[in-house]
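Just dropping this structure here.
Note that the chains are named A, B, C, D, E, F, G and H in the order they appear, and that numbering of residues resets to 1 at the start of each chain.
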Amino acid sequence: MELVAGYPESLTEKEFHYCSGCTHGLIHRLVAEVMDELEIREKTIGVAPVGCSVLAYEYFNCDMQEAAHGSAPAVATGIKRAHPDKVVFTYQGDGDLASIGTAEIVHAANRGELITTIFVNNAIYGMTGGQMAPTTLLEQKTTTSPEGRSNILSGYPIKMSEMLSVLDGAVYIARVSVHNPANIRKAKNTIKKAFEYQLAGKGFTMVEVLSTCPINWGMTAVDALKWVGEEMTSIYPLGIFKEVE
Amino acid sequence: MEKTLMKGNEAIAEAAVRAGCRYFFGYPITPQNALPEYMSHRLPEVGGVFLQAESEVAAINMVYGAAGAGARVLTSSSSPGISLKMEGISYIAGAELPCVIVNIMRAGPGLGGIQPSQSDYFQATKGGGHGDYHMTVLAPSSVQEAVDLTMEAFEIADYYRNPVMILGDGIIGQMMEPVVFDKKINPDRLKKKEWATDGAKNRKPNIINSLLLDTEKLEEHNLKLKAKYDEMKERDVRVELYKMEDAEFAIVAYGSTARISTNAVDMAREKGIKVGLIRPITLFPFPEKVIQSTLVNIKAYLTVEMSLGQMIEDVKLSVGGKRPVHFYGRTGGMIPTAEAILEKIEKITENDHLERGEK
Amino acid sequence: MGTNKESKKITFDKERCKACQICTTVCPKKILIMSDQINHKGYRPVTITDHEKCISCGLCAMVCPDLVIKVYKVRS
Amino acid sequence: MKEEIILAGFGGQGIMLIGKLLAYAGMKEGFEVSWMPSYGPEMRGGTANCIVKISTKRIASPLSSNPDSLIVMNLPSLEKFESYMNNNGSIYFNSSLIKKELVRKDINIVEVPANDIAKDLGNSKVANMVMLGAYLAKKDFISIDIVKESLSKVLSARRHNLLLMNEEALDIGASISKV
Amino acid sequence: MEKTLMKGNEAIAEAAVRAGCRYFFGYPITPQNALPEYMSHRLPEVGGVFLQAESEVAAINMVYGAAGAGARVLTSSSSPGISLKMEGISYIAGAELPCVIVNIMRAGPGLGGIQPSQSDYFQATKGGGHGDYHMTVLAPSSVQEAVDLTMEAFEIADYYRNPVMILGDGIIGQMMEPVVFDKKINPDRLKKKEWATDGAKNRKPNIINSLLLDTEKLEEHNLKLKAKYDEMKERDVRVELYKMEDAEFAIVAYGSTARISTNAVDMAREKGIKVGLIRPITLFPFPEKVIQSTLVNIKAYLTVEMSLGQMIEDVKLSVGGKRPVHFYGRTGGMIPTAEAILEKIEKITENDHLERGEK
Amino acid sequence: MELVAGYPESLTEKEFHYCSGCTHGLIHRLVAEVMDELEIREKTIGVAPVGCSVLAYEYFNCDMQEAAHGSAPAVATGIKRAHPDKVVFTYQGDGDLASIGTAEIVHAANRGELITTIFVNNAIYGMTGGQMAPTTLLEQKTTTSPEGRSNILSGYPIKMSEMLSVLDGAVYIARVSVHNPANIRKAKNTIKKAFEYQLAGKGFTMVEVLSTCPINWGMTAVDALKWVGEEMTSIYPLGIFKEVE
Amino acid sequence: MKEEIILAGFGGQGIMLIGKLLAYAGMKEGFEVSWMPSYGPEMRGGTANCIVKISTKRIASPLSSNPDSLIVMNLPSLEKFESYMNNNGSIYFNSSLIKKELVRKDINIVEVPANDIAKDLGNSKVANMVMLGAYLAKKDFISIDIVKESLSKVLSARRHNLLLMNEEALDIGASISKV
Amino acid sequence: MGTNKESKKITFDKERCKACQICTTVCPKKILIMSDQINHKGYRPVTITDHEKCISCGLCAMVCPDLVIKVYKVRS
């Protein structure tokens, strides 16, 4: 019997606390599989955000630090500068990275910090119960945009990958999705590429992953994946925005 | 040991390097700029890293990361910048990370001014951040003492796995005095931090974290922290007594205000007034017992601060209502003169005599 | 599950399952359904109707957010 | 022995430098010393000043209480500090730039045409050393040689080409006030 | 007046609207999310603006701008988010701007937990930000009181041109109770703020600022601020006494802890122990004089907090060493039970009898 | 006699505290002249930063607020939301806007706040004595980059105008310089255009102005202007990066 | 009169809602009331619970000290709260989901096959109302009619189409426990 | 300066001048030089050598960071 789909060594046995159908867990698995394949688990330090994935430090089977809200890139910078020979990644939500952590991610990218950021964009503040995020789509209803997001009041869904690609320190910036098997495969390869660029000492790398929040979107897990494939990808086009070899 | 003439800011930086600190993360602000500027050329010489962060918030979180990764790390700022570090400091205390934070205080509130002040005492000693936490707060009153306390600060931080603050002001930071550096620590010789996140090779993963969703666990954690603070109160209290042997009145002051107060003490003595000075060197833990031990001879206390009166609360808590505690303070960057302090002392002593006279 | 592994092409860690049903939508053989007992979490975990029909394509495991499923292929 | 000196002038006249030099030399002579600068935005363009204390005893406060000497290189600074001086103190002032009569008559005054002399030396930047030289000549607790030795420690490396000119300036300044 | 059943968080929001507040700037954080969420649909109804800021730092500075432009404005957060507002609050106090800040406290330090706590007392009352500043701190213990104090908060803020903090906890924020709203203020009817920056038409420009480079001016400014704080201590102290008339022992507690303490008082009374409750409603200004007025009858005090002991320092400063001040606290989101408080009281009273017995 | 060059009404009589040859003063004058020409002085509220131009509140003859370091866009947001009928501008240095204030400017731009930002880029922290800024050029020596800025340690000169142009809320983003009369004329017209877009309610507008810091660059005022024209403009190309009519 | 009720179940079973409904009706009946939810991440998927207090006197603490009644809709919640009950209290439990024997024998027990009944009614979402109905039938201080009136206030507008079914569920729940 | 305005094409508020010399570099007529008295600020302010030569082009005023210069044109 050969194992087709197993359980990555880079994940602990702990069951995820995520809601039913939430793709945070799936993205965890992809990152872990990449760590396994690159055999870097023992020299990797991950940084968990404040967000639903705050407990990522219990799930990834490598050294982990839990950062203040939005500060994961700064924390990762401190770690990487102290251990340039280690692999450092941050795992951040869209509120964490695109709102309160804007300055930290922009300057980590501009400095070309040798870290990899997994940016999980679910267009909402999941952990706090579904408030609007800067990534929330126009017209999308959230607990703080009850009539749907209005560009007059709150501006536009912010495109972090596009914005960070402008910075000279960023060498690999891509947006992927996990709403079906084909995209899941792409997502994993992209994440692997990002870690490889870090290992090669090229510069800052980030993979934005479009993700679901069934509970706060008020959808079934299956419909949520559909919504990602149909609505989100039309505002947040998938692809590689920057690649400096 | 060769003497050199150095600014307080630069001396603190050099002391940190000699204490084995190899990482500095900070953001410019007057009147402490000479410190990061010194680090920017000094750290590369010893294979360390000086990184100017995008903000104080980023700087303190870089400190969190480096400290969590096992490094000896320093950050410095001044009042408004320190306020921005409050969340980060609370995290560092909660996650039990050792680091040293320098606050060269300037006048507030708000943007205020850039001249010397001591109005961040509450913030430093009571916990300006959220939650029940404390850090050792060291208040040097000379450049040499700034050097010695800085080197000690890293040891205290590592021992307790807790942040330590060096609380100075524009005078301490800007003035030049002769200093000698006697010690020198090689960071590679320091005891390995088994809890640090430096790669989970041949061991279980290490986790740096301050979140505990289980209230019972979080209470346990808080009690564990409290035990550390209680131990500090037992072991680490530091205070200097000046001419207290035969004193009937005591000035309580720290840092540069204490320096000025020694003048006042001498001037008062010349006038035959028996005054002494109690100079807390650790503001947390506060020298409560030492002050209590002086109650036998001291008729009244005078707290002198460059603030509207902050340390005076700890003095009053120590005295416990058994003696009057008076206050003299200047704010906004104005600096108390020895003459003014003397005048205040003379008033206090006169009143004291009157009162006794009446009895 | 130890021994199962030898016989089964697919195993479910049913206590991990949150009944999101994503796997059921990708199975080319449509052999995944929700069972009717409830697990500790209070969900009705997924189960397989006909083991033989499974072609070990692994899609169900690939889309599962909670690492419930392991898939094996019989060497031949 | 206890000497308290205020040094003041325009930013850029090298006031802070001669203050440091004086403190450094004092330290070399085995005294307790302190150097306290004024700092802040007024430094750009505006006036700069520092306080140097030299003493045989521990220096309690680095701040100025009653200065024994004032070395002043421009008019605004003179106007600011003249009144601070204690009665048996002395003022060394840059007569090249300060044309006005001094108010205080109760203290001894040393006129130093520092900028003119410096110009003659070929670099007005050393006017500060002329002032310092004039001061040192009146004091016996710091030898001018120690000050010269200290120069290289206090001047930034890229100014070391001017070491000789600085020493010269010190000497001429000294010679003047000796007169 | 019709009663409605409301969560504390929502009731505070509605009260602010009725107090004429038309602007809210904030950032989500548990356990206060119901407050901004309520504002997000309520403010547009009354022609106001709800804006979710990019961070707490941005939110407090938006408040600065709107307050400086003359608006009644509110922000709310919880412990870690409040720590990030420390610089901004110091600026607001320094620039003398009126606004209301809500802190629904959760357990710390660091990320800590999301359950109720009272461990930000020092930060709120002593000044977690830099410089000598204070703000009125109001501690409601019921949803109705949260409503009444919120409406009052805006008046106090405008009167003093100073920030006011509503200091609640997860219990106050999350619980539902019946409330009535009696008042309703039309913001357009409020007295015009002549100092506000709303366009220099037919007048000299107005300037909102906290910078004073001249140390004498900055000291003057600090003394002006101090005069406001002194006036608060004179005019605004608020406290509730429960069964204190004949009490021999007093519990001192605020907010939800005070609520629980009333149970303990009643249980103790059933056992014949004469206990009363002193409930500070204003934590700054602290009811020092009221506590002193109780010294005649009270043999010992017990401070109950959801912290390691913060308000107890103010209680001790008030009691001035004349009576023992005991402490009972829980942390980490654990909530004191009336039973546990009762037990503590029984111990205290027993010991007290023993001591007297020995004499 | 007709006045060719006079003193704008939108400036107070107060003499600038700026160093000799510092172009902050010149930029103040241009903004004031625009306010005069648009006759908006009485309905304009300006926001001063923390930086050398902190005292701008004493120089502009309109209502002013002094903001915390980096927070001018947030303060301006508060003002504008309370007074949508007024004109609001921020005047910020590069440390203030491109470093500590990154999140605030990004989100003000993304929200399309109806404010105008005058971004004075002098590639250094002037007020604090010449430390490196994110805008400092590679190899440029500052008090915190004594050997010259290294991209390895500190990353690259950050191009804020280019980066902010990616955001949908920004309608007019341009970079100008004041190193000679021709560019001074252009700069003024550009600033005027920005205010006009604000008055038309289009969205967020920003003009980045390349400026000098002779004292911290260690140059004469005249050489400093040359350096702007030769060095700075080659890294920070002048032009209009975004214009949405 | 003083009644303290703990309501507990899976998130999504509508436990919080019937708690609010009970408190609201209590208020309408003129009592002092309080409703205190558990909150936090455990709410998603996991168990949710709230405490309702109804009293003629001012309610000192909204927290649970010794509950008179427990309305419990799933097993984990029963296991968590069964022990808290005071002796003369009563437990209303959802026998459709809770198959296990209760430990406590010293308190009165009301079995309610809430989910089965709700399914018969055509919407398992109203199982919570069945539970509440069963509770109300045993108590006299709140009339079921007041509760029905309160429904429209507590149910969010978009659920008002279900008002009738909810009322029905309340009645059937009541009828059961009367038996 | 009141009356000067009538006669002069250019006026200098010399106390504002910081002697940065920028104006001198742009004057097409090269008639601007630094004077040798010192102003309150300690600078040697700019001055004009030959008033007649001035063509009122205004460039000096345009580049002056400190609003020292006012320029007028004689109507003709």
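Basically, contacts are C-beta pairs under 8 Å (C-beta built on N, C-alpha and C of every residue); 3 or more make two chains touch, one makes a residue touch a chain.
Since we're looking at a predicted model, the values are computed, not measured.
Engineer: Hey, how far apart are chain E and chain G in touch steps, shortest way?
Structural biologist: The least step count works out to 1.
Engineer: Under the touch criterion given at the top, what is the topological distance in steps from chain A to chain F?
Structural biologist: The fewest touching-chain steps linking chain A to chain F number 1.
Engineer: What pair of chains is linked by the largest number of C-beta pairs in contact?
Structural biologist: Result of the pairwise contact count: B-E comes out on top.
Engineer: Take the average of all CA coordinates in chain B, do the same for chain F, and state the distance between these two points in whole angstrom.
Structural biologist: The answer is 38 Å.
Engineer: Let me have the rounded angstrom distance from the C-alpha centre of chain A over to the C-alpha centre of chain D, please.
Structural biologist: Here chain A and chain D have centroids separated by 62 Å.
Engineer: Just the number, please: Cα centre separation of chain C and chain G in whole Å.
Structural biologist: Measuring from centre to centre gives 37 Å for this pair.
Engineer: Where in chain F do residues touch at least two different other chains?
Structural biologist: In chain F, the residues touching two or more other chains are 19-20, 54, 66, 68, 99-100, 102-103, 106-107, 127, 134, 154.
Engineer: Going by the touch rule set out above, which residues of chain B reach two or more other chains?
Structural biologist: As it turns out, chain B has residues touching two or more other chains at 30, 49, 51, 54-55, 57, 80, 87, 91, 95, 110-111, 114-115, 209-211, 213.
Engineer: Going by the contact rule already set, what residues in chain C reach two or more other chains?
Structural biologist: In chain C, residues 18, 43 touch at least two other chains, as defined above.
Engineer: Report the residues of chain A in contact with chain E in the complex, numbered from low to high.
Structural biologist: For this pair, the touching residues of chain A are 50, 54, 66, 68-70, 95, 99-100, 102, 125, 127-129, 131-132, 134, 143-147, 153-154.
Engineer: Taking the complex as given, what residues does chain A use to touch chain C?
Structural biologist: 1-7, 11, 15-16, 18-26, 29, 180-181, 184-185, 214, 220-222, 225
Engineer: Give every residue of chain B touching chain F within the complex, in rising order.
Structural biologist: Chain B residues touching chain F: 27-30, 33, 36-37, 40-41, 44, 49-52, 54-56, 80, 110-111.
Engineer: Spell out the part of chain B that touches chain D in their complex, as residue ranges.
Structural biologist: On the chain B side, the touching residues are 3, 5, 30-31, 114-115, 170-171, 174-178, 256, 259-260, 262-263, 266, 335, 337-339.
Engineer: State the interface residues of chain C toward chain A in the complex, per the touch definition above.
Structural biologist: That would be residues 5-6, 9, 15-16, 18-22, 25-26, 43, 56-59, 61-67, 69-75 of chain C.
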